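Take a look at this one; I'll ask things after.
Chain lettering (A, B, C and D) follows the sequence in which the chains are written, and residue indices restart at 1 in each chain.
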Amino acid sequence: MEKVGIVGYNQVKLYSDANYGRYEMIFEAVRGAIDKAGLKKKDITTVVSCTNDYYDGRTISNCFTVDVGGSYLTDESKVEMDGAHAVLYGLMRVLSGNHKLAVVWGGSMASCFPYHSARLYETDPTWERPLAYVNDITSAGFQMRAYMEKYGVSVDDIAKVSVKNRKNAAKNPLALEEAQNANITVKDILESEIYADPVTELMVAQPCDGIAALLLAPEKQALKITDNPVWITGVGYSQDTYYLGDRDLSTCKSMENAGKMAFKTAGIKNPKEEIDVAEFFEAYAHEELIFAEALGFADKGKGASIESEINGNLPINPSGGAIGGNPPCATGIIRIIEAAKQLTGEANGYQVKGVKKAIASGQIGMCAQNNILYVLEGSN
Amino acid sequence: MSKRTQRKSLDYVKKDYVKTRTMPGNWYLSSYTYKFNLTHMQPFLKKLKEKKLVGLKCPGCNRVFFPPRLVCGQCLIKPNQWVDLRETGEVASFTIAYLKDPGTGKVQEKPMVLIRQDGADTVYMVELNPEVDYKDTYIGMPVKVHWSEDLKGSLADIEYYDLVEDNARDLDLHKE
Amino acid sequence: MGRQVAIVSAGFTEHASKRSDVNMPELISEAIEDCLKKVPSISFEDIDAYVNGNMPAFEGANIPELWMTDWMGARNKPLMRVTTGGTTGGTVAIAGYYSVAAGLPGIDTVLAIGFEQQSQGNTATGLASVAYGEITVYNTLGITYERLTRILSAGAAIGVASYQATNYMHKSKITEEDLARVVVQNRRNAAKTWWAHLKMPDLTIEQVLDTPYISYPLRYGMVCPASDGACAVLFTTEEKAKNMCDIPVYVNGVSSIAHETAVLGYNCSGSGQIDPSEQLGAMKSAELAYGQAGISFPRKEIDYAEVYSPFPNQELMWVEKLGLFEETTAPQMYENGVTSLKGELPICCSGGVNSTNAIGASALERPAEAALQIMGKASNQVPKTVHTAIGHGWGGSLNLCTMMVMSDEPQRKWR
Amino acid sequence: MSEKIIVANKGPVRAEFAFWVGQYMDKFYDALENKELIGNKCPKCGDVFVPPRKICGKCNEKIAFDKNWVALPNTGTLQNYTITHYKVNDRSSRKVKKPQILGMVQIEGSNTAIIYRLLNIVPEELRIGMKFKIEWGEKTKGDPSDIKGFVKI
């Protein structure tokens, strides 16, 4: 795969109930990204948006965002998955050689829709949906139990992930205020209310309001726009089967496949050695460990042994990850932006030292059914 | 919409399929909210109360938006110049809706129009004076704002649009 | 950068107003089966990635691809979902093209699937929900819901199309008979297409004009049905395509242009499309796609066109806007039989969207059918040899437009 | 311009849907109505699916409708469980006082697990690998609610 450069990005601050209109927020994100890159509207050749009809409460959710999203008389499309998948489509459009500058934006306002109901609409309507026993809440419980039971992982290890991410989020000014907590302890996490046993409320990435935008350009074009682009050198994505009863929830097959494809594309032989920082879309604390294991950073069941603090061996989610704020459809883009920030040295306050290669992931579906992984490299 | 209109479809070659049972599902839009920023609308609404029309002009492309618009898509900037507009406009497009009166069951024809205010570069949906016969509606028909008696500083201050008597009307051979 | 992409196969399901015998995944598995049947050398193992789409509000299921994984054979495979309303199918086709063109390692053969099972939901509510959010702004700004219902009673897609129809009729000075003629041609063509929905072999113009108005100038007999159905198209690289079928169809140009919405603007702001039949977006998308494909004289170079026209006035309008005919001359071409099956430039010989509209699949069926015409495998095959064809899609509030230009020869000099 | 004016408007309507279940599920629900459990078997790998499917995702093999049906017992093994106070439906989600215990139970003779409530059991008793049996609803209607839940054997 040829390199594609990230030449600009912008994310609005995450709020649980933002004092923003939807269009205003989209405009702020997109305009901000274009301004950051020092470009104009006419430089945009393609726009890929990421919204979801059931999150926005309207069919054709990209219909009215043409003006504010920068796609006026521009080659436009919409991906209805996670934001990271929209970046994939933007990447494909750039790689095809048809486009010089792709704007990818995505996000939604979780304060405006019944999140769990919208997730319930994902389930099999002929079998599971009428009774709603399978939903995003219960599936999280099943996943964590399967992981703990199979490998004998202690609940403390999982709570530690949430502690780390919430402490990291406190250093990230754009993270969700409710998730920022510099003084949180494992005890606080375990004593918070039960979400779906064994998952507790504070292990969950809380849905919130937010939009993020990203600019992609082919190699030569990227170097014209900025001296310091971040390169996407590898991508992999994969989808697991649907029924929870068919899957081994203690691991993540789709992340494994995505990792294989991404590392192969980027020419990474030994991810454990080569990757300096990881930004995962962990919808729940245990998913961070499952993902790290699926990618081979630790043996199965030993994910908690990774030194994932900011100054650790392999820092994971120095920005606070999805636990630091999870705006549906934007989280994946934000992960890529945060990984890019680490590579350019812009992660003020939570910068990891000496980052050369980073990974970022996005996911969708119950128990992370579909995963996508990016490998990013800095320009120096 | 469809329940109130008369239906008649054409026959076609049909094939029947095995009928299986269904499972119910709902999409409660009433559990959703829609957030909008209407700050840019306020000066416009204030002027309406004074029986004045203003549009928002984009400094990039000089298009005038009536009603005002948050962002100009062409330039991707927020327009910020207010311009005064006249009360007249013209029918840019129209269609006729056929609605069954729920009480009598009689079909009523109603013209639906898009009006472009003179001096503006956008069209918007409004009502015509109910006395205008649907057969008289045509593209390019000149119209004028009919103000509501009770001005509240809302869009309803423009109650409907009156037809402006136009001598050239009968010369338009191609009116629909 | 980039590489040549080819279509090697396309499959359909039977379309009907109620496919009550299957659920959504079973429906698409029928289309996939039909698609793979035409390329015997290909099995599920050879498909590297999937692109999917439908218009979810019509079925009430969010991201149904997750559930359908096994039925598509997509277990442990890359999958991407794209949806853009009416153009969903076109978008899916274009995403299928880009998936191959991008040249991501290991992704050579991509199956693009579009589907819709509209009988499961209420199409009118589904369509209207596009604007509910915007309508509430009108209410906030002082217009009562009662009055809003009156203003909007022309309703949703049919509403925007009828505005467009009046404008088009005004410009080209045609009568309703011209509109009915398009319908008759389409429905008679549909009768010869195995998967089409409204098959009316003996339809006449009088019969169409005998139906009541739905909203002027469109009558019940003129508008598209709401169908259940699915379509699958197989994209692959130039090298692989040669081994898969006799006549691979090369995709030489794609575009999907968005324009601002017609009739109802965002945030209660009115629309910049003063004349909804002007369609700058369609013109720009044609320009872009023809540019990529190296087509300078569309009228001469294109042998077959599938345009997305739920309403007859749109078919006339699109063929003009896409450069196939001069402005306002399309109605005459239909009258003279230029666009008929045996004509010089046949249009929508599958019956078009006017006869079969499973929304998420419709715009994918256009390039699919155009590709089959080039391969010579179409159900209602045109007698002349088709070298270059286009598949077009339209959606949103008259603001989204997709184009795909296909040919039996790869575009050698492309960029 | 002065202060920001944000309005949050409620949506007006709801859309109703009726999902066709397809012939495979229809047959399955017919059996449920008679308090029987059936599944179908992949002719290639021999995996048995409850509820039945048209295609085996593992071998991408089409399972013919007219054969491959398997009658299954109403007992199974607990594979996984969770406890939650949340109740979700199409309209909203809310917290209820009494938590629901949901179990993933693999029906004997099948290769997938189905998710239902576990009845008459306290969380402390739960162990993965426990045997459960189906508690049928009093009045069956031919839909998923015919299975009321699972009870410990």
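Here, contacts are C-beta pairs under 8 Å (C-beta built on N, C-alpha and C of every residue); 3 or more make two chains touch, one makes a residue touch a chain.
Predicted model only: the values in this text are computed from it and were never measured.
Any chain bridging subunit A and subunit D, meaning touching each of them, is among B, C; the list is complete. Taking each chain's centre as the average of its CA atoms, subunit C and subunit D sit 37 Å apart. Here the CA centre of subunit B is 48 Å from the CA centre of subunit D.
Rounded to a whole number, the gap between the C-alpha centres of subunit A and subunit B is 41 angstrom. In whole angstrom, the spacing between the mean C-alpha positions of subunit A and subunit C is 33.
Shown for subunit D are the residues in touch with two or more other chains, namely 4, 6-13, 15-23, 25, 57, 90-92, 143-144. Contacts with at least two other chains are made by residues 20-23, 54, 57, 66-68, 71-73, 112, 114, 117, 121, 125-127, 129-130, 241 of subunit A.
Annotation for subunit B: residues touching 2 or more other chains are 18, 20, 22-29, 31-38, 41, 69-70, 73. Contact topology of the protein chains: fully connected, every pair of chains touching. Residues 4, 6-8, 11, 17, 19-22, 25, 51, 57, 79-93, 99-100, 102, 104, 106, 112-117, 123, 128, 143-145 of subunit D are the ones touching subunit A in the complex. Residue ranges on subunit B touching subunit D, taken from their complex, read 18, 20-42. Here subunit A touches subunit D in the complex through residues 19-21, 57, 112, 114-117, 120-121, 125-135, 137-138, 141-142, 145-146, 149, 193-199, 241, 243-246, 249, going by the rule given at the top.
Against subunit A, in their complex, subunit C makes its touches with residues 1-2, 23, 50, 53, 55-58, 60-63, 65-70, 74-86, 91, 94-95, 97-99, 101-106, 126-127, 129-134, 254-261, 265-267, 280-281, 284, 288, 292, 395-397, 399-400, 415.
Residue ranges on subunit A touching subunit B, taken from their complex, read 18, 20-24, 27, 30-31, 34, 41, 54, 57, 66-68, 70-73, 109, 111-114, 117, 121, 125-127, 129-130.
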